[in-house]
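The structure appears below as structure tokens.
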Amino acid sequence: MMEHYQYKQMRYTYGFEEIALVPSDITINPDQTDISLAIDRLTFSIPILASAMDGVVDVKFAIAMSKLGGLAVLNLEGLQTRYANPDEVLAQIADAPPEKVTSIMQKVYSKPIKENLIGDRITAIKDAGAICAVSLTPANTKKLSPLAAEAGIDILVVQSTVTTARHISKSYRGLIFSEIIKQLPIPVIVGNCVSYSACRKLMETGVHGVLVGIGPGAACTTREVIGVGVPQATATMDCAAARDDYFRTTGRYVPIITDGGIRNGGDLCKAFACGTDAVMLGSILAQTEEAPGRGNHWGMATPHEALPRGTRIRVGINCSLKQTMFGPASVTDGTQNLVGALRTSMGVCGARNIREMHQTEVVIAPAIKTEGKTFQITQRLAK
Amino acid sequence: MMEHYQYKQMRYTYGFEEIALVPSDITINPDQTDISLAIDRLTFSIPILASAMDGVVDVKFAIAMSKLGGLAVLNLEGLQTRYANPDEVLAQIADAPPEKVTSIMQKVYSKPIKENLIGDRITAIKDAGAICAVSLTPANTKKLSPLAAEAGIDILVVQSTVTTARHISKSYRGLIFSEIIKQLPIPVIVGNCVSYSACRKLMETGVHGVLVGIGPGAACTTREVIGVGVPQATATMDCAAARDDYFRTTGRYVPIITDGGIRNGGDLCKAFACGTDAVMLGSILAQTEEAPGRGNHWGMATPHEALPRGTRIRVGINCSLKQTMFGPASVTDGTQNLVGALRTSMGVCGARNIREMHQTEVVIAPAIKTEGKTFQITQRLAK
Amino acid sequence: MMEHYQYKQMRYTYGFEEIALVPSDITINPDQTDISLAIDRLTFSIPILASAMDGVVDVKFAIAMSKLGGLAVLNLEGLQTRYANPDEVLAQIADAPPEKVTSIMQKVYSKPIKENLIGDRITAIKDAGAICAVSLTPANTKKLSPLAAEAGIDILVVQSTVTTARHISKSYRGLIFSEIIKQLPIPVIVGNCVSYSACRKLMETGVHGVLVGIGPGAACTTREVIGVGVPQATATMDCAAARDDYFRTTGRYVPIITDGGIRNGGDLCKAFACGTDAVMLGSILAQTEEAPGRGNHWGMATPHEALPRGTRIRVGINCSLKQTMFGPASVTDGTQNLVGALRTSMGVCGARNIREMHQTEVVIAPAIKTEGKTFQITQRLAK
Amino acid sequence: MMEHYQYKQMRYTYGFEEIALVPSDITINPDQTDISLAIDRLTFSIPILASAMDGVVDVKFAIAMSKLGGLAVLNLEGLQTRYANPDEVLAQIADAPPEKVTSIMQKVYSKPIKENLIGDRITAIKDAGAICAVSLTPANTKKLSPLAAEAGIDILVVQSTVTTARHISKSYRGLIFSEIIKQLPIPVIVGNCVSYSACRKLMETGVHGVLVGIGPGAACTTREVIGVGVPQATATMDCAAARDDYFRTTGRYVPIITDGGIRNGGDLCKAFACGTDAVMLGSILAQTEEAPGRGNHWGMATPHEALPRGTRIRVGINCSLKQTMFGPASVTDGTQNLVGALRTSMGVCGARNIREMHQTEVVIAPAIKTEGKTFQITQRLAK
């Protein structure tokens, strides 16, 4: 009666909320930690990227982020390139009642992309002396990436919910990343993926960075809609293993960027201990005063015409981008002073740089729910 | 002091909410996926069945479902064959206050089945050119199945909470499935079961399909009342193993149909990755405009005279059956465009057909609870 | 850095809410199941005992329970033997505001036991033709059990939160169970315990039954107060293993009785699958119209003068004792028709008697939380 | 497709809420348990310390705690040494609205420490005949500990969130514990740490006690802010293993003190079964009438100027310190009569002293959530 026929092996996977870091037996002064990030020949003083989401990044935000040492990615297929003046549309989304927001989004995103706006947005960022990164979907990359390159972008991000090195279709020829990389004079980051093999195969095409994460973000319902998703701690660890194996085999180090599922400084520190080289943030940055979303956040799968996966979330406005990055923190929930948090965490974990932070011991630890912490969160929401 | 005497081995089991699918390293255009289902010599363009529940299927609904390519099962022992005009009774159930609903159900279901209505309902479905499937309990199958066959049904479903190939009783001779199958000229689907051995023994009787699932549905309290139940992901995997072993031994492929516990497109996609050939939906379809339950849903064990197991749930009305099946979705919680969701999921999992979808990697992943998702659900309930 | 020094081995333990029963591949007509219980030479037609708690059992209740085929245990150290007319005190407890109930309890339970009331209560039960079982704490057993035996009890229950075969004290000589058993002409049940070794050592003293369960009941806070407790499914399985080993060694079968943590018919059925021979119910029976608690329930550790462990819970009044036991059920949450539920569960598990029910496959299954079930519970609480 | 590259091993860790104690098969009279604690040559009749937190310990509280047989630690870098009259500031914190409390804290804690107040506070405690323990951070220990020693302290606690035997910094020379211990004539307790190796390396410096626990307390958000923390049951067991190994190697027994995460008597008893020699309590003692926090509690990382980790929690006032320690309990949630709870727990676990309590069997048991217990907690919060 106890016979058990194993139809398939399933392994446990973990999100950031289920893990915790163990301090080392040697500590280091936080001021002496090096948190810089290299993507191909570009280097950044802080390993934080802003998501290519319309509630997070516009021209002004991209400039501010670059000045602070990070990197914002402008979505070339969002509102910024469909509307000469996107502010009205952004206000419309912010003001929409919850029950109408999905259909309003489906409508405003059905306007065509205006190719001239691509150049305008990129020029505006470059003219301010900022590093400029933009994102395209695989379907539009062949057509639009030459325009973007010509306008002077520094980094191209080719991004969709799930991107693989090989896509089978009878109706069109899938994007060949090795060709794109040869054609463009700039680093190309590709994603998203979550598994060792998908990540490794993307690296083998020659890309300069890989985005990690499917479905973990606050504004995403991919798992509810199509069942697909891997919790971010496990996804990061699997792709870090692919990166390390690829590096051992080829000598080429391709950074991975954990994208999504980071709700506070604690999650950010955990992502680095799980093996990431950088993090891409959405909802935390949507809460900055500089973000175009006016305290709202939504993913780029939200306005899909037939199968929207996500919705607008009211995240509220927390503080300035600078305070979010460098503090000082006036709240204690881990949403301010992210750089300070990372340096402090590296200090107690005895890590002098990100590569050493990858060695930190990680344990599986249940999410803590205490009166005090609940209280604190309530307090912030009430504000 | 640490001695540990193992009285019985227990293994972990999983529901859909605890698992997630891992995308493949090759993706496929959703348009190129084949999702057809074969039951004996009948084929269906979409692998979705509607539950034999009175809040879900009546004659009109059965016709609509067949036209869309799926299959609805009409309960021959429910209100449709007890009342010439069941609409009044359906309204009575819909209007009943919560504290009286169980006793009202017990009362209205105590009316006898009128045999002439069996023929009438079947004829009405067939006259519309639809495929007609009906359900009977094992106790009534010998008596009523000939009437149903004569009236022209295409598929017979013999269904009770737990159905086994062998039933021991002194008071009556249990139903012998091999005899029924010989007597009837049509495919017979039997259920429900949840274990490898029970499923395999049912297949060995010659049945043409097996329903999988005990107690996971939204309208079922079997586990609270009698302690019995196996979470649906595990039940599906165990029965899929039985199907595959039986197929390897005999060359006969008997489809399994996961029945219950599917709350959204994500769960539906996971069921196929767990090995099912089709899904039977209750509460999602009870939310369609075409469903006779007027936004209410209840299981067929609910009106049991001595030990009711389930209750009426107010599920509300979501949208049309067609939009539920094919979209476009105007909500993002996975309850609309189920076919689009399945094709998209198969695309990112690199599966060209259902048999390939069975090979998808599945991981154990904690249910995600984020502000955004909670928000979205709240939003839908408030609508 | 990953070194891991195992200070102590810890194993997982399970409560009823975390497990579920798997149906067999042969089913049996519920009418043909035998659920009788034997304690020494006494037999009972249903294997259900009522807890020795003042909100559950008084003389009237004990008589009613015996008539229905079960067994109620009267607490000889509770209100029934401290007050000639306990009804006033019961009303006082029922009416006490929450913040005062613990101190009121501490006060009313500080009244001394009147020895003459012991005889009166027992006589009243016996005069009605009922089987009479009473409980004493180990500290009072030597003194009061002769009085009870003389008054004609059929079964003595010696019960405290944790009872062991050996108790070390300088101030008094611990109770020696082997002596008590020799002195009394009736079966003696002892408890509570939760581990293999504690249960087996109690059996080796010659007792006729063992109560299993520390801290799992709805009215108990032992785990919060002193950290001690083992979830009931595991406790039952461990003690069942002790019983079986003891039976194999000695040929004497000592029934175990799972006491506490059973919230509905589902839990009750699971307890038998985990290996129990009978169940002792508190809060479910406190909800009957016959219970003296007026819809309130509290454990006997609640009025402890220095370290109370538990409180009064308002459980409400559900239905008559007979309907609780035999139905028909008018609710679907598993709190009515417990005997029907047990027979139905045994039927689908293919068990002809309790010993066969011990063989049922049990799986670890997460507690199901669906809209429908939550709805249903809300509905009952609102009633 | 199932290939699995293990990037890092992660083990499960446990908090007190996830474990439970198993009673022994021999029980002991609680009155015969010995719960005394030795730190170097000092002995205490009860193994309970009060946290060096400004809402918990002032001069008056330290005296009261010592008289009862325990030990309170006065924070020498908190309000007591920054303000001649700290009562006004304590009132200001208590009265601050939630949204302003963090910035108010940052301000009041920016006042400099007045060295003369260090002597005053210590003298006041010593003059009352109490044992005096004080805490300093590693950064200030070299400068301030001579002052404290001169003023007559009995024990020095050197404490920060994470303290290691070796700290790397270019800007200053880290504190060398072996030097401090040689210089001071009194026992030195150091912390906090959570791992075997960090604990063992601290013991190897010659310290007389180690504080265990990072981030588990009710007033701490270290895990949210920097991702670091180990649940207390596991942290205690790992450090207990280090203590035992160190003792076996050197013959020197260095007590460990579990600091944080103890919410009630149950947790306290579990800490001892996990291997601790003493517990340090914050929020439970902040609820006493004697605590200076006026029903409020906050950690010493709360007022950090750039990265505050914690907040003020309103814990309310429960009862007197004496009732908290020795009862009688008038509530049943485990927050009163902690000593009685420990002795009772040791009794049922058959432990005559703390070292025997370390041998108690511990199981992994899910937190129990029943109607009754929830009810009880609600009741207390409402009071």
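Odds and ends about this structure:
For reference, chains read A, B, C and D in written order, and residue numbers begin at 1 within each chain.
Simple rule for what comes next: a residue touches a chain if its C-beta (ideal position, glycine included) is under 8 Å from a C-beta of that chain, and two chains touch if they have at least 3 such contacts.
A quick note: this is a predicted structure, and the numbers were derived from the prediction, not measured.
Overlaying the C-alpha trace of subunit C on that of subunit D calls for a turn of 90°, given as a multiple of 5.
Distance between Cα centroids is largest for the pairing of subunit C with A. Homomeric contact subunit B/subunit C is classed as different-residue, with under half of its interface positions used by both copies.
Chain geometry summary: the mean Cα position of subunit A and that of subunit B are 39 Å apart.
A straight line joining the Cα centres of subunit A and subunit C is 55 Å long.
Those residues of subunit B in touch with two or more other chains are numbered 1-2, 8, 11, 14, 24, 197, 361. Only residues 1-8, 10-15, 18, 98-99, 102-103, 106, 161-171, 193-195, 197-198, 201, 214-221, 223-231, 234, 263, 283, 297, 302, 305-311, 313-314 of subunit C touch subunit D when the two sit together in their complex. Taken in their complex, subunit D has these residues touching subunit C: 8-9, 11, 14, 16, 19-29, 31-32, 196-197, 237-238, 240-242, 244-245, 264-270, 273-275, 327-334, 337, 340-342, 344-345, 348-350, 361-366, 368, 370-373, 375-376, 379, 382-383.
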